Amino acid sequence: METAVLNSTTVKKSNFKSEEYFINMGPQHPATHGVLRLLLTIDGEIIKKVEPDLGYIHRSIEKMSESNSYQQIVHLTDRLDYLSSHINNEAVCLCVENALELEVPERVKVIRTILGELTRIASHTLWWGVMGMDVGALTTYFYGFRDREMINDIFEETCGARLTMNYNIPGGLMQDIHPNFVKRVKEFIPHFRSKLPEYDRLLTGNIIFQKRTKGVGVLSREDAINFGASGPVARASGYSCDVRKYHPYSALDKVNFTEALDTAGDSFARYKVRIAEMWESLNIIEQLIDNIPEGDFKVATNAVIKLPKGDFYQKVETARGEFGVYIISTGNKNPYRVKFRSPGLSNLSLLNHIAVGGKIGDLVATMATIDIVVPDIDR
Amino acid sequence: MNSISNIIDWFINTGVLNMALIALIYLTVFALLGLFLVLLERKVAAWFQLRIGPNRVGYLGLFQTIADALKLVSKELTGTVKADKFLYNLAPYFVIVTSLMALAVFPFTKDLQAFDINIGIFFLIAISSIGVIGILLGGWSSNNKFALIGAMRSGVQTVSYELSVGLSLLTMVILTGSLQLSEIIEVQKSGWLIVQGHIPAIIAFMIYMIAGTAETNRAPFDMVEAESELGAGYHTEYSGMKFAYFFLAEFINMFIIAAIATTIFFGGWLSPFGITESLPWMGLFWFLVKTFVLVFLMMWFRWTFPRLRVDQLLTLEWKYLLPINLVNLVLMAVIVWLNLTIQI
Amino acid sequence: MGYFSNIYHGIRTLLTGMRVTGKYFLNARKGAITQQYPDNRDTLKMFERFRGEVVMPHDENNEHSCTGCQKCELACPNGSIEIIWDRVIDPETGKKKKAIDQHIYHFGMCTQCGLCVDACPSDAIKWAQNFENSVYDRTQLTRILNKPGSKVRAGVEE
Amino acid sequence: MNNEALQQTILSWFPDPEFPQPQFTEEGSQFLNLSTEPEQLHELMHLLKNNPETHFDYLFCLTGVDYGKELGVVYHLESTVHRHIMVVKVQTADRENPILDSVQDLWATANFHEREVFDFFGIKFKNHPNLKRLFLTDEWEGYPLRKDYVDETNMVVK
C-alpha cells in the first residue's frame, strides 16, 4: 500500500513511473571493508533506505572476557578495531589501573601516548589509501601503505607484532622500548611531513574527488550528537568531542595540540578532519619523543589481579572515535561483565540517516569517510 | 573434379580467400596486441604505484598475459540459471567483433591498410558505438542487478559521449575536407593537423581524449564496472573466455581510440619533420610510437584520478564538453574560412 | 566567468595529481617497495622481538630451565600450553621436586599475545623469529617444546 | 555541574515521597550513579535530556547486564553543553519476559544498542520501532550473554 501511495504522488509530479528494488551490498563487496551486509532499497541509482545486517564475524568477545583474567582481556581487544589495537589495549589497562588506583611511571605514560598517536597515523594512512580506492583512485592505496609500513616496522621492532601488538599490560608495558625506537620515530616524522602534502596534491585538491565528496552524506551537529557519533565523524559536523581534550589520559594532558574540527559535516569535511589529525598526531609525537623520562617500564602487579567490587568506565580516543571499556567487577579475578563501547556501531547507525537520497557512488564515498572497521562493530 | 576447381577459382578470383587471409592475420595480430596492452597496463600501473608488476612468467614477465589467456581459455564457462541464454552468449561476441572491425580501416603505413573507404571516420564512429550494445545486452541478459545498473550506466555514458567524440572529429574534418583516412594523412604532409589547426585543434584533441576515455569505459569514467560500487558491473556473471572477450575488447578499444587520435591529430604514420620519409616501413614504427604515447596517457589518467559519479559524468558532457565543442566547431570553420591555418 | 575559471581550476588540479604519479613513474626503478618474498628469504631478517612461535632453548648438555611451575599455562588465554609434570627425587638433595615431563604447545591455538613469555620466571621459553608456519595437517602444530631426554638446568629455582 | 548539585537537581524533580524515588548509589565511584525503577525510566530520561540544567544529550554507552536474578540496562550519559557525565541504571526482576521502555525516541543511537541488548539479553524494549536481533540470526535460541545460557556444542568453559 505504501508504495502505491508513493507512486501516485510521483506520477503527479513527473508522470514517470519508477519502481523500487532491493539490492544486497555485501557481505562480499569491495566497498564494505570486510563482512558487512547492507540491504539497499534503491530507486534507479537513488538510495531510499540502507539497512545494515551485522554479525557475520561476531566472536562474542564480551562473553569470552567474562571467563578471562584482566591480563588476558587486553589481548582480545586487539581483535576489535584491529587498526587501533594499541589504543584499545591502553583503554583496558587504564581501566584496570584506575580501579586498582595504580599509578604507572611517567615513562610508561609517554610511551603509551607516542605509540597511540603512531597507531592513529597508521590507521589514518590506511584509511586514506582505501578512501581513494573507494572513489576510484587506486594508486592512493599504495602510497598510503608505503607510509604505514614504516610505522608497522617501528611497532614490530618494539612490540614484536605489526597489528595485534598486545604491548600494554595492566601496570605498564610488556617490555621496554627497543633502543632503535626513538631513532626510527625521528626518521619517520620528517618523512611523513614530506609525504602529507603529496597526499593533498594527489587526492585532496583533485576536482573529481572534491565533486564526489563535497555536499555528500551531510550530517548535522544535532544528528551527530543524537546518533552518538564520535571521532572524526562527529568532529567534522562541528561537535567537539575529542576524548584526548576532555578526558585526557596517559601523557596527553602534557602536550599541546588543537582538535581538528570542521562544520560542513559532509564527506569532504570528514576527510579533511582526518588529514588534519595526522598533522596533529605528528605534533604530539614530536613534543614527546625527545623527552621520554627515564624509569621503569612497569610497576609490579599481582600475578592474579582482582579488581575491587564496583563498576569502572574508561574512555579513550581511537582512530575511529570514542572507545569505552565498562567493567563490572564483583571482586573476583574475572570480570562479571565487560562492555566495549565501540565507535563503529554508533557511527554505522547513522549511515541510513545520511546516505538516503544519494546515489550508489555517494553511499560508497560516505561509507569510506565513516571509516568503519567491521570487527569493531561485530564484537 | 571440375566443380571443385571451379569453386577454388571462384574463391581466388573474387578475392574472398585474400580477404579471409587478411582477416586471419589481423585477428591474430590484434589479439596478441590486446594481450600486450594488458601487460603494458599492468606494468605501467605497477610503476605508478611503487610496485614491480608481473615479473615471473618469462623475461620481465613478458609472457604473463599469455599464461593468463591460457588460463582463461581452460576455465569453465559459468552463468546464471535465469539468464537470457541467447543474448547472454551473444553479448561478448558483439563487443569483440565491433572492436576488431574498427581496426580494418586504419592506415598503419602508406600501403598497409586493409580497407580504404571514403567514409573512414564516419565508419569508425559508427562501429565504435555498436560495441555498447554488447555491453547493454550482457548486463541486461545476465539477470543480475549489479550488472543491470552497470549496463544502464554504460548506455547513458555512451549516448552522451558519442556526441563529443563525433563533434571533435567533425571539427578536424572541416580542416581536412575529407572523411577518407588515407587522404587525411596526405593532408598532414604539410604539418600535423594539431599544428595546422592550432588552438581549435588542441581544444578538439583534449575533448576527444576525455570523451574517448569515456567511450572505452575506463577510469575515471569506469562507471560501467565501478569496482567499488558494483563489484564488476556488467560482466559480473561472465567467466572464462567470455569474460576475456570483454576484457580484451576494452584494451583493443583503448588502442583504437589512441589510433584514431594518432591518425587525425598527429599525422598517422608520418614521421616528425619527414626524417624517415625514404623508408616507408618506418611508418608503422611512427604510428605505433604515437599510438602508445596516447595509450600511456590514458593509463596515466586511469591510475591517477578518482571516478566520477554518474550524474557528474553527464554534467561534464552536457554542460562543459558539448558547448565548448560547438563553439570550437565554429571557431575552426572561421579559421579555415579566413585561412589562418599554419602550414609548414 | 565562473564557468571558465571552473574549467581552468579543474584542469590545473588534475595536472597536479598527474605530476605526483608521473614523478613516481619516472623513479619507478628505485622507488619500488615490493618485497619479492620467497626470493628474498636470505636477506629477510625479522626483528629480534618478533613473535613467531614459542620455543624452549636448550643448551649443549640438553638442559633447559623450565621448572614446571605452570605460570605460562595459567597466563595463556587460549589454553594453548599444557604441561605434564611429575615429582621426581632430586639426586643431589634427595628431596622431591617438580619436573616437567612434556611441555606441550598447541601452536594452532596460539594468538602470539606474549603473556606466557612475560609470565615465565626463569626465562625458559622465548620467542623464535620464524614465520613460515603453514603445514598441511594441524596435528603438526602441536609441539613438544622440551627435547627428549632433556632435564632442568641445575640451579634454576622457581 | 558537579555531582552533588546534579543529585540535588534530580531529587527536586521528584518531590513526592510516596512516589518511588531514584536512588543514588555507590558514591565513591567514578561517575554519579542513579538507579531507577522501570516505570519511571522514560520520564526520568526525558527530564535528564530536556532539562536545560542537566541537558544529557549524548548517550555514549548502553550496556545490558545480567545481575544473576535481575536483568538490567546501564545508560552512560554525557552533556555536550555542561560536559558532565552520569550513569543511570535500571533493573527488572522478570527474567521470562523483561520489558523496559525504549529511549530511542530520545537518543537515536539507542536504536542499535537496544537491539544489541535485546539480541544478547532478551530484554524487550517498549515502543522500539524495529526490535529484532542485530547480530545473531533470527532463529537463534536463547540469549547468549545471560549468565545461565548454555550451549554445549559451541561454548568451551575453562
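A, B, C and D label the chains in the order they appear, each numbered from 1.
Criterion: a contact is a pair of C-beta atoms (placed from the backbone, for glycine too) under 8 Å apart; a residue touches a chain by one contact, two chains touch by 3 or more.
Labels paired with UniProt names: A = NADH-quinone oxidoreductase subunit D; B = NADH-quinone oxidoreductase subunit H; C = NADH-quinone oxidoreductase subunit I; D = NADH-quinone oxidoreductase subunit C.
Please read all numbers here as calculations on a predicted model, not as lab measurements.
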| request: Can you tell me how the remaining chains group up by touch if subunit A is left out? | output: B, C | D
| When B-C is set beside A-C, which has more C-beta pairs in contact? | A-C
| query | How many angstrom lie between the CA centroids of subunit B and subunit C, rounded to a whole number? | reply | 52
| request: Averaging only over C-alpha atoms, locate the centres of subunit A and subunit C and give their separation in whole Å. | output: 26
| Distance between the centres, which are taken as Cα means, of subunit B and subunit A, whole angstrom | 44
| query | Counting only residues that touch at least 2 other chains, which ones in subunit C make the list? | reply | 14, 17, 20-21, 33
| field | Residues of subunit B whose C-beta touches two or more other chains | value | 48-51, 303-305
| query | Touching two or more other chains, which residues of subunit D qualify? | reply | 158
| What chain pairs are in touch here? | A-B, A-C, A-D, B-C
| said: Considering only the defined contacts, which subunit C positions touch subunit B in the complex? | reply: 7, 14, 17-18, 20-22, 24-25, 28, 31-34, 36
| query | Given the complex with subunit C, which residues does subunit A contribute to the contact? | reply | 68, 71-72, 75-76, 78, 139, 142, 146, 149, 153, 156-161, 164, 166, 169, 174-175, 178, 198, 201-203, 205-208, 303
| subunit A residues within the subunit B interface of the complex | 21, 23, 29-31, 45, 132-139, 141-143, 146, 202-203, 206, 208-209, 211-212, 359-362, 364
| message | Per the contact definition, I'd like the list of subunit D residues that touch subunit A in the complex. | response | 26, 28-31, 57-61, 63, 65-66, 74, 76, 80, 83, 87, 107-109, 111-113, 116, 134-137, 144-145, 157-158
| note | Within their complex, subunit B touches subunit A through residues 45, 48-51, 145-146, 149, 219-220, 222, 226-231, 303-312
